[in-house]
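Look at the two complexes coming up: subunit A is in both, with subunit B in one and subunit C in the other.
Our next item is the complex of A and B:
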């Protein structure tokens, strides 16, 4: 039972990332009709906002310690971050909290990148076939990852978990299990809560604001909304920016779980497309539900007991589900009738 | 008008002339080239086939730096590095066999097919007489096979699977780096003395040739000291998030996690294991411990504080204080501003060893090189007295057991050497079962 609970928790935290990325993908597909293969790159760029923030906070003044030597026997150069020199322990704490602080950097960066991407490149492909959109956005993703690799190297760059959220929480004792039977990293709970708040916020924004209602109306019938004198294109561009922010923030907060490297986006891209297809192309609740569902399925399929019966199932489960869904319900779990069914 | 006529004699004559004409280039070629890419000008070209993109690009970049440094030293530039400490004094810093050393580079992308394609190109288009490099056993085995067929020497870079000099060994291939069997033999006694005889290990293993090899060796040596194996679970290469593989460890009854992962997988699985509180757990009355059988400084940098106190093995470390290591660290550090990795060290050594063998043999003919390297004993290259065993072309030298440092003084000072396991302890018979099934075959000079 404890093993099952642990896998559910795993699924929820994996699903949180899938759901946030898939939500962004669906927003773009639903509004602009663009199949954005550069979406994984947005997740990766978000993660590197955390790296940049950490490096900014670690900008240092260099001093020479004559009492120590470096690996070549020269006097040791000691780097003291400016924030530590200025603020003492508070500066050290700031560096420790570089990941949540990176949200402040990621929001404007992702808005600029998202809107720049849409206005600068993707708008020219609205009326082109999906194959052209896939090619250009996939190319864009490769360019982005090569830029990141050239500037940050190919190795993963570890990011600190804030002190207050380090270690693991023994959730089992609250549920009647033995001590240490169900322990789970605190930061993964934080990530799940963050995802819930972010997804909830986007849903509320879309469902309970005038702007959101216009956007949803545009998603349902772009032409009619345009005929009413509403500049739907501007709103859709803003939605592209919002999608980039959601995905970027998912990347920022994921860095203590998975040290970011240039390939991070590609690792998630295909999975998230499957999530979108399973949830239903263009369906926001579908993307979220499918994200969590597939995260949980993926975790359960990795259990030794399951793999003993179905070897290798952990590596194909997501695609297996996608095949079954496409065969039996092509519009996806919560997709609108008619979508992908013609 | 005269008609065209041909009699039997005419046909025979024409046929003989045509046949001789067609055969002529082949006759000249075989006379001019005794072996593949025999250098005819003032230069001899070496092919450095390293991952310049993909997951091991940082390791590949360090390898390339070492190769460039080795070429400088061979051509008499720089401070000479380990040429000054190498026990063989054949090389004088004036090239090899009177020829200046030139090089071409290829990108393996850490993919076997891409690595073979770039090696093929360097052999066929650039005239490389030797191929070296790689940061993956899968790649090394693939390129080694290609070099055997093409008739050039392959000096393996970072490849740790037993298979490279085991079931996939080739006469034209040589490995300076150690292997998983040696890691197991070196780590076993250290694990026993630090953690005792009563432990239960849980293996997470990268699902490819190196991972299987590492898992097999670690199981052999941990079980031989009395440890139990709770489970050995294969994980897909590049899994990223290992949480679904780590959570079963928590309730498996295991008190030791052995991560048969390398590179990015190791960084991620170790970081996540620490996040799951594994290093704070007590199981079966034992403190839960993690072991990383193959360490590298670049990986340790990626894993940050999480490597503290964790045991592993490595082929070489920049903090060694022998004259060879000091000379290499000085050359490399002065040129590039940071200490070399173990990948850089093995690649540098392989270049020097190849050049020295060619100089001693007086030829670049692969069969001459093979003869010069087989059974070659040397010292001064940072690992102490070393033997290139003739039976499998594997180097035998002491193995370093390292531990993540508790109080690092710099971003490079992450591992401390806790034991130098003597060669006799890590040496195994050429017919060891884990290396069975291969055949060196005959050296192939190609052409």
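Our next item is the complex of A and C:
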């Protein structure tokens, strides 16, 4: 029992990331009908916003401490980050909290990138076939990846977990298991809660606001909404920005779990396409459900007991599920009938 | 019709000329001159041009004719490589059985994957092929380690039980074609400061390329090829007229899988080593790039695209800051530094950036690829001008 609970918990953090990226991908596909292969790059850019924030906070002023000497006998040079010089103790805490603070940086950056991408490039590809959309966004993903690589190097850059969320939580005790049976890192809880809030927020926004209603109407029948005198294109552009923000924030908060490097985007892209297809192209709840489902399935298949029966299953489970779903139920788990069903 | 036939013969002859004289044509600069790094006439690189050309020709038979965008073709390349290396390990160092087995196994593999994947079309087909390729890649690293030798990669050893030509000495066995060793240079000379090298390996690849090109040309001109184009144009209409398109698309898929297997086997013949990274999805993406860049659906385009990408990969990635400084040395100091800084991100390790930008530009502005660009230039220079002089509009091609 405790083993099962542990695997579910282990699947949650990966599942949260899948769910958020797939939600963004589905928002773009559902509104604009564009297959965005550069979506993984948005996740990666979000993650690198955290890196940039960390570096910004660590910008230091160099002072010379006359009272001490270094091992060569010269006066010791002390690097004090500006925030520490200005705020003292609070500044040190700020550096520790660079990842959550990076959200403040990531939101405007992702909005600009998302809207710029839609207006500058993808707008011209609405009428072109899906294959062309895949190809041009694939090219864009390569470009983004290379720009990141040129500026940040090829190695993963570890990011700090904020002090308050360090360490692990013994979940099992609360549920009546033995001590140390179910231990789970605190930051992953934070990530899951963050994902739940973000996904819930997007859902509420789409379902309970007028703006969201118009967008949903546009997803169902773009032409009619346009005929009613609503500038649907502008709203869809805004939705592209929103999708970019959701994906970017997923990347920001994921950095303490997985140190970002330049091929982070490509690694997640393939999986998230599979997630979207399993959930059903164009279905937002489907994307979220499939994200968590596949994350948890993946962690279950990584159990030694399962691997003993089916060796290698943990490597291929997601793709296997995708193949089965596509062959038996091509519109996905929660997909609407007729959407992309050929 | 005879006109097409004559053009095809000319095209084939042109390709044959370039393939057979490539070691000379690709070496236009003196080997100790400042432009020597632009030479591409050394065997290793030329072999890669030709092998990836074969890969792209095969991919084009599927994508260019039927419009089915497979994102998992690298799996067949990998399977071809593995089968070939196994043949070297078990039977003999002769490349013929290796190539035959590589093509057969990858054809079988393509039959299975194609049979399942072709039940869906459009983006679902892409995702299915991608999923299968990623599965093969992941399994090659984990469960199939006894067959693939995992991360080390499969290589030939002295202790291999080679049935036909068991190793005699302690020398590492080399791949050969009835005694002609692939790495052997049979002719090398220097002329006007240029080094020319001719190896058996390159010529084996080049002749196989010509055969592959010829077969692909026959497929393009056959009723079968017309049927595949009909699938691309409007599959629904074809189904309504009572045609079952599945056997046609499946045949195209298997043929293109066999081409990929052939390319993989040739890679193994030139360098008997097979690793799983050949199956990764970025490798599948590369062949898509080659085909699109050259021009999908054209005969020559994929070969051109493959050559183009492999050339730039090799040449651009070798240009480092020292080379750049030498180039811009004629300028005043500040200006040359400025240019070095500007150009630096696009060359050397950053050549993928150039590739991505180039690729995007092609998709945006030239959906027909390099071949389309060449055609437009030719039209602009000759045809169109003449047409406008006569005051007649150029006839629109029938869709």
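Just so we're on the same page, the second predicted complex is superposed on the first by the 326 of 342 C-alpha atoms of A that agree within 3 Å, B and C clash if a C-alpha of one lies under 4 Å from a C-alpha of the other, contacts with A are read in each partner's own complex, and residues count from 1 in each chain.
Here is the rule we use: a contact is a pair of C-beta atoms (placed from the backbone, for glycine too) under 8 Å apart; a residue touches a chain by one contact, two chains touch by 3 or more.
Quantities reported herein were computed from a predicted structural model and do not represent experimental measurements.
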Touching partner for A:270 - first (subunit B), second (subunit C), both, neither: second
Touching partner for A:184 - first (subunit B), second (subunit C), both, neither: first
Contacts of A:139 with subunit B and subunit C, given as first, second, both or neither: second
Partner chain(s) touched by A:147 [first = subunit B, second = subunit C, both, neither]: second
Touched partner set for A:319, first subunit B, second subunit C, both or neither: second
Touching partner for A:303 - first (subunit B), second (subunit C), both, neither: first
Which of subunit B and subunit C A:259 touches, first, second, both or neither: first
Partner chain in contact with A:130 - subunit B first, subunit C second, else both or neither: second
Set of subunit A residues, in rising order, touched by both subunit B and subunit C: 149, 315
Of all residues in subunit C, those that touch subunit A in their complex: 67, 69, 116, 119-124, 126-128, 130-132, 134-135, 138-139, 141-144, 281-282, 285, 288, 292, 345, 349-350, 352-353, 355-357, 359-360, 363-364, 367
Subunit A residues within the subunit B interface of the complex: 2-3, 6-7, 9-10, 13-14, 68, 70-72, 76, 149, 153-158, 161, 167-168, 180-181, 183-185, 187-188, 256-259, 261, 263-264, 267, 298-299, 302-304, 307, 314-315
Complex contact set, residues of subunit A against subunit C: 35, 121, 124, 128, 130-132, 134-136, 138-143, 145-147, 149-150, 266, 270, 273-274, 277, 281, 311-312, 315-316, 319-320, 322-323, 326-327, 330, 340, 342
For the subunit B and subunit A complex, residues of the former touching the latter: 53-58, 231, 233, 236, 238, 240-241, 243-245, 247-248, 250-251, 264, 267-268, 271-272, 275-277, 280-281, 298-299, 301-304, 306, 318-319, 329-330, 333-334, 338-339, 409-410, 412-413
